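The first chain written gets the first letter, and so on, giving A, B, C and D; residue counts start at 1 in each chain.
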Amino acid sequence: MILVLRPDYTPEQFEHLLERIRELGFTPHVSKGQSRTIVGAIGDENEPQAEETFNCLPGVEQVLRIQKPFKLASRDFHRADTVVTVGKTKIGGGFLGMIAGPCAVENVEYLDDIARHVKASGANLLRGGAFKPRTSPYSFQGLGEQGLQMLRAAGDKHDIPVVTEVMDPRQVDMVCRYADMLQIGARNMQNFDLLKEVGQTKKPILLKRGMSATVKDLLMSAEYILSSGNSQVVLCERGVRSFEDSTRNMLDLACVPNIKGQSHLPVIVDPSHATGRPDLIPAMSRAAVAAGADGVHVEVHCCPEKALSDGPQALLPNQYETLMKDMRKLAEVMGKTIA
Amino acid sequence: MILVLRPDYTPEQFEHLLERIRELGFTPHVSKGQSRTIVGAIGDENEPQAEETFNCLPGVEQVLRIQKPFKLASRDFHRADTVVTVGKTKIGGGFLGMIAGPCAVENVEYLDDIARHVKASGANLLRGGAFKPRTSPYSFQGLGEQGLQMLRAAGDKHDIPVVTEVMDPRQVDMVCRYADMLQIGARNMQNFDLLKEVGQTKKPILLKRGMSATVKDLLMSAEYILSSGNSQVVLCERGVRSFEDSTRNMLDLACVPNIKGQSHLPVIVDPSHATGRPDLIPAMSRAAVAAGADGVHVEVHCCPEKALSDGPQALLPNQYETLMKDMRKLAEVMGKTIA
Amino acid sequence: MILVLRPDYTPEQFEHLLERIRELGFTPHVSKGQSRTIVGAIGDENEPQAEETFNCLPGVEQVLRIQKPFKLASRDFHRADTVVTVGKTKIGGGFLGMIAGPCAVENVEYLDDIARHVKASGANLLRGGAFKPRTSPYSFQGLGEQGLQMLRAAGDKHDIPVVTEVMDPRQVDMVCRYADMLQIGARNMQNFDLLKEVGQTKKPILLKRGMSATVKDLLMSAEYILSSGNSQVVLCERGVRSFEDSTRNMLDLACVPNIKGQSHLPVIVDPSHATGRPDLIPAMSRAAVAAGADGVHVEVHCCPEKALSDGPQALLPNQYETLMKDMRKLAEVMGKTIA
Amino acid sequence: MILVLRPDYTPEQFEHLLERIRELGFTPHVSKGQSRTIVGAIGDENEPQAEETFNCLPGVEQVLRIQKPFKLASRDFHRADTVVTVGKTKIGGGFLGMIAGPCAVENVEYLDDIARHVKASGANLLRGGAFKPRTSPYSFQGLGEQGLQMLRAAGDKHDIPVVTEVMDPRQVDMVCRYADMLQIGARNMQNFDLLKEVGQTKKPILLKRGMSATVKDLLMSAEYILSSGNSQVVLCERGVRSFEDSTRNMLDLACVPNIKGQSHLPVIVDPSHATGRPDLIPAMSRAAVAAGADGVHVEVHCCPEKALSDGPQALLPNQYETLMKDMRKLAEVMGKTIA
């Protein structure tokens, strides 16, 4: 770490900070410039407390980190792309995960219909929510365990693995009994107790980026899961909050190559939540694959106006079929496989 | 609700939407303009599903809400200011809550020292974290129940009620045994299971605004607590994410009069997390009270460089003493009382 | 427009607003609901002053627009894609504009070298700044007319049309003498006097989106140029300000299909300024074309470390050559032509 | 400046960068750490090109600045608060500028009425726009020179200095003939040619912060004016773009103490444009003064529903009178004078 001293630091402050640097296991390296003195603190920057302590020392103006704050999620630690396996589906390392399904599991008929369609179109992972994080306490909150049962049955019937959201650490065991992959929603990206809890399961995790999380924040949340013992993490960009009011969120597609440069974890894109607009989903799905994403997550519903959650942003099954044709063309250009 | 139809809607779509409006318990009211037809759907806009269904109907271009989506948090529902009582401290309706203490409870000595100082300076609520939501899994995560015991002891010794964060629904009972008020942190503002859980306790709740939550989102999260049976909610603005990189977050002080115009709940301000800079805390504390806030939440530490969390943003006890002198002057100008 | 009345409006306020609605040439259409009264004001929403006046009327809570605020830029007004022609290069309607060159024109040698390379790689429009909008008054401000002469000479020598930025209405005539297309930079997107000035020329205009401009703002700025008599406008997304600090700006790629749905104007993407990172440019260029963009704008320099502006974000000529191979593959998938 | 090298830098890259550091007039100072090598480049960081060049050098991962990029605007350069004088009005250094008036000059009667009222209430600077930067080309664009004449006459009649916006470098001379202070609007904060032009006048300048400008950007724009020879600059915070949709912009009040810590220039606050809501203006005006602002800028209109620009956000004269009573109370608490 580098400590930039204030122009008016005193000799006592200087002695004190050298002492504290050594106490924390770092070696100081002083460099006096024309107008400023800087002190390099050579050591392990992930030493808990070091950065904050240095920031508090009298006479210090700013502290600059050099190393990245994450380890297990870093490509420095693990060079090759991680391939996450969910049932027969592979995500990452040249394999595209095509996740589709309704926002919420509502009843057997709809889910069966949607599952059949998306599987036929080429999806390789079925999604559907049984526990729904809704902004309003008066909105449909999901069918709970009954929804999980329906989702499991649909997955088995149509031979497609299933992913569903878990919101509460107390539900992790139950959700694990039914799902092939657990989703952590954007609103829970920094629900650290939940991250630790799913980190102790053997299930692959789909971790969605928080609405105002930086790429670093997202990787630090992945680090919580990885450091709890679960190495099967897929990251998902789903748009962030911005001033633009014509789309639900702003899709930060540049985060795909940005993350893949510094981490080995697969990254997929959810244009449904990112835009909230079915008319933009096909273009942004194509863009995601062209940007190097390891998959696309799309909401599909056979009857959006009867959907109990997020109907307005769902594609119809025939629209999804068309989309998947584009996906295959782009996968070919990118040298990727939809397994 | 108002449905604006597409210029090219068909008679079949028109018949279908009138039918769906009536099915959902609304009365349609048609208005044909020069270039557009609009349909008023007269009824209860909080009817679950209505807004999303209308948005899905073929021929509909946009749906405009008229009513607010929250009820119990609304001033329309409850005209008078809510006064929240925590031990002998009152917050709201002319009473200012002055919350101070360390970011994290670290040991008995520090906490005792800080508690004595802030109480002497005029704080009426002691804060201190036992469960810490840290971005990194490698940072200090809090002392857990041991920290709660220390906090309770400090509160009792110095005769000041205590507030502390709860992060996991499984910890709510334990935290209730020690604390006088429960804090929901910014990262958990939309952890809906946690909101429901604290909504079932009898403890007053300090609900912090999420890093990219709108005022409406914050009030909807309060609605989760209120609708679970707990009416003692204090809202806290603590800064939101923005492009400005010279402060930790951007303090949205205008949200204070904005919220107070539409809700009866008290609103306090946390300039410590909002700015992350001790040099800005006094000015923003004054501004908060002048803007009409019902209190100010400030981190204080007797030895920031030894703090295990957020030391760089803490005030020293003597700085807090000076701040409290300003607080009393501004309370007088605003006709408020620090009880 | 729709006026939603306050719950407590008075009969006098009601009469007054009906009168004002009629005065402004609108027909009122009243609809009394369970809890609210709404008044449709049927007429031309682009009537100057109407929206603001309605917003001021006592008893009115909110005013909702139905029509779009732009006309000439709207696809309702002009169904077919506009194709903008710059020399022999076409942009829009199936033709991709591949714009490349240095950030600033620095000297004849560099520019000649870069021009030869990008032309050979397939670029069809050469860029280079002679007037540079720099954040600091102490940074290189561009070579002015001398730079324009160099750019013109390079374009002529390598048979490629040239585009360059104009920042000041007093320079428009001069820049027109040298350039084939005029660029309005992000910082001047709402420099309305400049927009009117370039709107009176016959040159095609490349209008870059402002750093915090909404899609609607961008289209309104295009409307300034179109309504001044110049219909040859190409829009350019170049990233917006956000909280994410690992890229220079956040590329809002969803704006491409979003704009193309509502406007006939071509839209290109500038991943160089959007990301500020050469390692992300190839992925985001591919994503742009896959999203339906009408071109890509990339900074290229043969010696970035000697560049006088934005060197760190430039591609090397051989990197651009590789990029253009990808561009041709994606153009084929998308059914587009690089003319 | 500090150059952090990539872990895999080569000896050739190392030699090359030392050479380039020296060529640019800096002295290199090498520090080899456990995992990283860093090179301090000791010299003048405002040397044009140095930062960008270092960023381009092969083997360099990141470049960290130590010095601030502005000089004349810095408190390091000029310790004492600058007091800007406009006619008899002083702003800064303990003096509060209370600026009030209509958004646009519309006619003699309205302006006369408003000027009389705000002067009587205690305003010491009259505002009114003759050139209006409107998002839409179809909105009222201002009365131009005729408006300037009306404004001058109102200022003279009511013995109050006047401030008005200038948008085009070609209008600077004309506006100088009528106004006591020139305003640069938010949309032109980085219109560098305009900044240079007003920097060559002798008039005090009111420089508004751009909608997505950082504090550093704002100070760099002030630096353009100062370095052109005009030292009379007042900065104005007027809200920035954000995701919050219940106010027009987000007022970043923390920028007031933030700027005043690093610059000697006066800073005022415009709650009218920041919030767009008259109901929030009094609270935010109080907060501004409590935060240490050197003045408040408020739009006042005697008949908002007939205003030709921004009527919905204007205060009525009697509301302004009440506001000014609060201003005097807070000025006293803060030890400031409204001259």
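Keep this in mind: a residue touches a chain if its C-beta (ideal position, glycine included) is under 8 Å from a C-beta of that chain, and two chains touch if they have at least 3 such contacts.
Values in this document were obtained by computation on a predicted structure and should not be read as measured data.
Chains touching both subunit C and subunit D: A, B. Distance from subunit B peaks, on a Cα-centroid basis, for C.
Note on chain placement: the centre of subunit A and the centre of subunit B lie 26 Å apart, centres being C-alpha means.
Subunit B and subunit D, compared by their mean Cα positions, are separated by 31 Å. Each chain gets one centre point, the mean of its Cα atoms, and the points for subunit A and subunit D are 39 Å apart.
In subunit D, 212, 240-243, 245 are the positions where the chain touches two or more neighbouring chains simultaneously.
The residues of subunit B lying in touch with subunit A in their complex are 20, 46, 48-49, 52-53, 55-57, 69-70, 133-140, 167-170, 187-188, 190-193, 196, 211-212, 217, 220, 223-224, 227-228, 240-241, 304-312. Put simply, subunit B touches subunit D in their complex at residues 212, 214-216, 240, 242-247, 250-258, 261, 271, 274-275, 277, 279-280, 283-284, 286-292, 329-330, 333. Contacts from subunit D toward subunit A in the complex involve residues 2, 4, 7, 29, 31, 33-36, 38, 40, 42-44, 64, 66-67, 76, 241-243, 245.
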